[in-house]
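Chains here go by letter, A, B, C, D and E, matching the order in which they are written, and residues are numbered from 1 within each.
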Amino acid sequence: MITSRLPRTVTAWRPLLVPLVVLLTWDVLVTVAFKVGWIEFRGITIQYTLYGTAIALFLGFMVNASYARWWEARTLWGSIVNHSRNLGRQATTLLDRTVPDARADLPGEIVRAQVAYVHALRTSLREQPSPPEVADYLAAEPLARVRSSTSSPTAVLSHVGRLLAEAQQRGMVGDIARVQIESTLSVLTDAQGGLERIKKTPLPVQYRFLPSFFARAFCLILPFAVFKDLQWWTPVGSGLIGMMFLLAVQVGRDLADPFLDRVHDVPMTAICRSIEIDLLEMIGADTPEAVGPVKQVLW
Amino acid sequence: MITSRLPRTVTAWRPLLVPLVVLLTWDVLVTVAFKVGWIEFRGITIQYTLYGTAIALFLGFMVNASYARWWEARTLWGSIVNHSRNLGRQATTLLDRTVPDARADLPGEIVRAQVAYVHALRTSLREQPSPPEVADYLAAEPLARVRSSTSSPTAVLSHVGRLLAEAQQRGMVGDIARVQIESTLSVLTDAQGGLERIKKTPLPVQYRFLPSFFARAFCLILPFAVFKDLQWWTPVGSGLIGMMFLLAVQVGRDLADPFLDRVHDVPMTAICRSIEIDLLEMIGADTPEAVGPVKQVLW
Amino acid sequence: MITSRLPRTVTAWRPLLVPLVVLLTWDVLVTVAFKVGWIEFRGITIQYTLYGTAIALFLGFMVNASYARWWEARTLWGSIVNHSRNLGRQATTLLDRTVPDARADLPGEIVRAQVAYVHALRTSLREQPSPPEVADYLAAEPLARVRSSTSSPTAVLSHVGRLLAEAQQRGMVGDIARVQIESTLSVLTDAQGGLERIKKTPLPVQYRFLPSFFARAFCLILPFAVFKDLQWWTPVGSGLIGMMFLLAVQVGRDLADPFLDRVHDVPMTAICRSIEIDLLEMIGADTPEAVGPVKQVLW
Amino acid sequence: MITSRLPRTVTAWRPLLVPLVVLLTWDVLVTVAFKVGWIEFRGITIQYTLYGTAIALFLGFMVNASYARWWEARTLWGSIVNHSRNLGRQATTLLDRTVPDARADLPGEIVRAQVAYVHALRTSLREQPSPPEVADYLAAEPLARVRSSTSSPTAVLSHVGRLLAEAQQRGMVGDIARVQIESTLSVLTDAQGGLERIKKTPLPVQYRFLPSFFARAFCLILPFAVFKDLQWWTPVGSGLIGMMFLLAVQVGRDLADPFLDRVHDVPMTAICRSIEIDLLEMIGADTPEAVGPVKQVLW
Amino acid sequence: MITSRLPRTVTAWRPLLVPLVVLLTWDVLVTVAFKVGWIEFRGITIQYTLYGTAIALFLGFMVNASYARWWEARTLWGSIVNHSRNLGRQATTLLDRTVPDARADLPGEIVRAQVAYVHALRTSLREQPSPPEVADYLAAEPLARVRSSTSSPTAVLSHVGRLLAEAQQRGMVGDIARVQIESTLSVLTDAQGGLERIKKTPLPVQYRFLPSFFARAFCLILPFAVFKDLQWWTPVGSGLIGMMFLLAVQVGRDLADPFLDRVHDVPMTAICRSIEIDLLEMIGADTPEAVGPVKQVLW
């Protein structure tokens, strides 16, 4: 996520550079070709407002749907933040360490497993290898099981479920309290499922392909339409309008897939670290530093 | 669901071919007729922006409503994924196999019935015959009952309910835990009901018929409007704009009915298989392969 | 609900006929008046795009709000379908017929009362007399009470509540299970309340009156604007555009009130019958036939 | 709420009269000034479509937000209807009047307090003095407490909570059932909070001030733009378009604040009376008449 | 939040002044330059409608998303109001002060801690130092813990959780009632998480930068376009339109970040004070005055 209004990092601008340079070159070429007399063409007006209406229609669908996906992804991560905190509070206050059969480090183990869970979920969504935090916060035996599973986050969450079952067998938690912690796990499963849904279901192909195709076709024709009015100013006028349509397409693309390890990602690394700090504070463990923006991009 | 930006499979493009060929032929015919002098007509401008506004209005309603249906269908399937996992976790951790009267394979039976459920739901939505998985994962007696019922998925879910009742009679599950598993079944019933609602309630007839009718009427008139400006370029200009409106109509149609066994379907086969793998892993059974895209289409 | 793309039934088209005939007659009259020379008028352009923008604004508000009402009504009926099924499953699996004081036909009575409920709700929304199903599925005593009440569906649901209270007094259902069935009743009350809210709260008067008024005023002026360009083609061009605006208004009206016993209604008869079949199957009773479309309209 | 399409009551039309008369007078003045030759001005076109786009943008924001507020207010009142009914059903069926320490009129007292609650909420939202129903349905002691509190509805709901606590102390209601009634109270608190949120948070000042300002500025300039085309018809053409924009602003205003005791209000008096009838019927008390529309306005 | 339609306070208008003065100066300069003959330029029309469409697209995205953020923030604060009231009601009615081991001032302590919570949340969102209320309503020991924590509101809410655990250890609250109070805490955690999500996740950079950039570029070009028509009236016409676009951008900015301690903020100080009054009234403590608007701005 870009935190400043004008990010200095080059990566944020790179996907825009090539299309804009191509666009401007084309506009200049057409202008010169007109001036030199290679082309003759009558100004055309109707076409352009119709075209604009149709493209606005397509772009409106795409950008709105993309923004909704991005915000839903962010909201689902917000839900994971809240319910990780809830799980931490419940594990540390609802489990009774004073019963005869209690294992005193069980609440801490649940909290640490939850930290491993959010990091596993983050790398799973970004298709990265398992992060060091999973190994740091899990014991050897569950770690082995997680590594051999097809979905790391699901495996870690199952481990949390098993720890909870152990707590009940040891009599550390009553029926009703257990049901309540179970519900927290269900909400986490739900949020994870929602994130995977966004990850695995791209925007419909029509939304990805058509707006970009038509916006580019529009840019190709634009200088022919404005030359008669603008003469040598054609590259400026045509370029400015073309740029707006290309940028709108790019905005849609940037937001549509919020887990691609790009500058426009939901800042999952920072979110996971902040959960880590909150949860470790609850069990009195040492906390790492918060993640800040790097070159005005928060990852 | 199409997974690439430009699917190679022909079926994705076929519904577009006929209208586009007809459109282009018409545009060429009109252009020739003008040039030859068969028709004379003054350029008309007002009409076209008014037309564009009105059609954009209709198309906007239709495409937005269609996309909302498609995404709701996908979200409801996501809910089925999450709560199938929840049911699996609850069946394997909340049922107590150590009580005297326990039947050890009951959790596994519940999990396998849930696998049968999602496959039955998938084929029911696509109006296909009952899939092999239903027979594979159900015992002979419940299978017979499912086959004689009017709605397979409802019958399988009732079977899950009966297995749960058996668990309670055997004392394997307490009152509160049972209520919680019941709630998972209620959420599944809700999601199934939502999918059937989308399946059985098409878009209102006005949304299906009018946008397509007006977009086509518009394409018929378009070349008359632009000939004066574009001359021999008329088929290009008129074809490009007409194509955009026809494509927008087609996008709406593709998304409005997400269970028609077409390339734009919600990828239910892949989703069901992925639930199957997750659930079988929970009970330690052998898992089938995940379903990948075929010719860049995920079914 | 109309099930085909082009319904053959006349009732679907009747509300459109009169306005369209009036529209076309007016367009022809104006054209003739111009040609004959009764009127002279300069073409006017600005007005029309401004007009179009303003009317599109009004129509957009109205049609979107109407569609939202229609879909909310359908979704609430979907909720009634799901929770009727849930109530059926809960009544047949959570009530214990083996306790000493049990009344064996109580689950069946609850299920049958629920069937009466949905039919009573349907006719109440359509302002029709009480349907035969209410008498068929209720005993004489509760039937009398329902008939003397101001709101039949509320009275039937209260009867379900009383049957449930009886089950608890007889010891057939524990505290927790009862609370769960209570929740199902609460959700049904909520859905019924939502349907009555849509029924009793029409669209704001401004949304009902203004779009229709302005669209008609626009149709009156339209031929004056396009005559200069279209000459004898005026009725065609002006009629086509006018028709689109009038149709958009009509779409909004058709969807705004989904319980008026018209062809655009939510198909409540079919939905209620399908609930009836599902519930009767659960208690092993004979089931009626499903309701199919009549002349391509599903009621 | 206005119930007919064309309300006869003058109050519904009054806020429109002054602007429309001013508008028409201005249009006539400008037309005369042109004809007499006091002003000379070239027709201007670009401005007007740009203006139209920008105003449509503002009006679209405002009217959509206003309608959403109005519908949310209506939905929250719907929730109060449903959960008042739920509270009534729960009070009359879950409280056990047969225990030794029972107070037989407690359920009735809870129901009557709930009737007082909805009336207190209604007048609190409309900033009216406490209604007679509060005194009618509360005993002297709680009435005194309600009158001395800062928020009557909150005080009445607290009284309901105290009655419920009394029921539990007398052993009339078990733990689980009490929790369920508690939840109903929470939902009512939530709905009340939502209504007060809408009441206390007007639309952002920009939404209230700017659309109205720009629409009026637009109306001032409009006759200058259309005179050249329309000549003596200017007041008609200019007035019609100006009226549409002014009406759209007015629609937004009417819906934005749904509790101002105006004809466009959510019909809270009728809703409260209908809750009153439903609840009194449950405890077998005499019911008042339903509230009908007065001069086609339902209050 | 600004409470009047035309706020007298200068701060509300300041961010608009500079752009409007610059805009007008530029418009006058260009007009003079044309008149003096420094520039010659042909009127350009196509560009401007295309430009208008594209900018309207961008502004529409931005303002809608901003308003949704502002309203979600307000709704989440509404949820905090409601559930603070719920917590108060539950603490004062569900905790039993008559058990042998009871601590009579525990309910009051929970209520006072909740007051501290909302004030801590308010200043945390506005990035202000800890408010006096936190010190006023917390005892020395929890206050020290809150001051040393990284997130004050989370720490105060944990303290509420601990007080609740103490109540259970003393036998003042049963299992089920405790679970219900726990749920209230979960909802508060959820609402707090939502507010922090809005705070920490600004609008995507494209939404913040592009609309403002293009609107300004548009204003620069505008006088060139309208000079030919408007002549000396150019600054008026061009200024009016430019102002509308700049104002729309400003509206988006004002609403996008509702916790910046500006006049457009969600009025958190007033909301917190109103919670304070409600809660203190419940425990019979002295209540402070409500917060009124200062120079027509409610903070």
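The rule is short, and it goes like this: a contact is a pair of C-beta atoms (placed from the backbone, for glycine too) under 8 Å apart; a residue touches a chain by one contact, two chains touch by 3 or more.
Everything numeric in this text was worked out from a predicted model, so none of it was measured.
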| item | value |
| --- | --- |
| Third chains touching both subunit E and subunit A | none |
| Length of the line joining the C-alpha centres of subunit A and subunit D, rounded to whole Å | 39 |
| Mean-CA-position distance for subunit D and subunit C (Å) | 24 |
| Residues within subunit D bordering two or more other chains | 43, 45, 49, 53, 56, 60, 176 |
| Ring path (origin subunit A; first step to subunit E) | A, E, D, C, B |
| Of all residues in subunit C, those that touch subunit D in their complex | 42-47, 49-51, 53-58, 60-61, 65, 149-151, 154, 158, 161-162, 165, 175-176, 179, 182-183, 185-186, 189-190, 192-194, 196-197, 201-202, 204-210, 214, 217 |
| Residue ranges of subunit B in contact with subunit A within the complex | 1-7, 12, 43, 45, 48-49, 52-53, 56, 59-60, 63-64, 67, 70-71, 74-75, 78-79, 81-82, 85-86, 89-90, 93-94, 174, 176-177, 180, 184, 225-226, 229-230, 237, 240-241, 244-245, 247-248, 250-251, 254-255, 264, 267, 277-278, 281-282 |
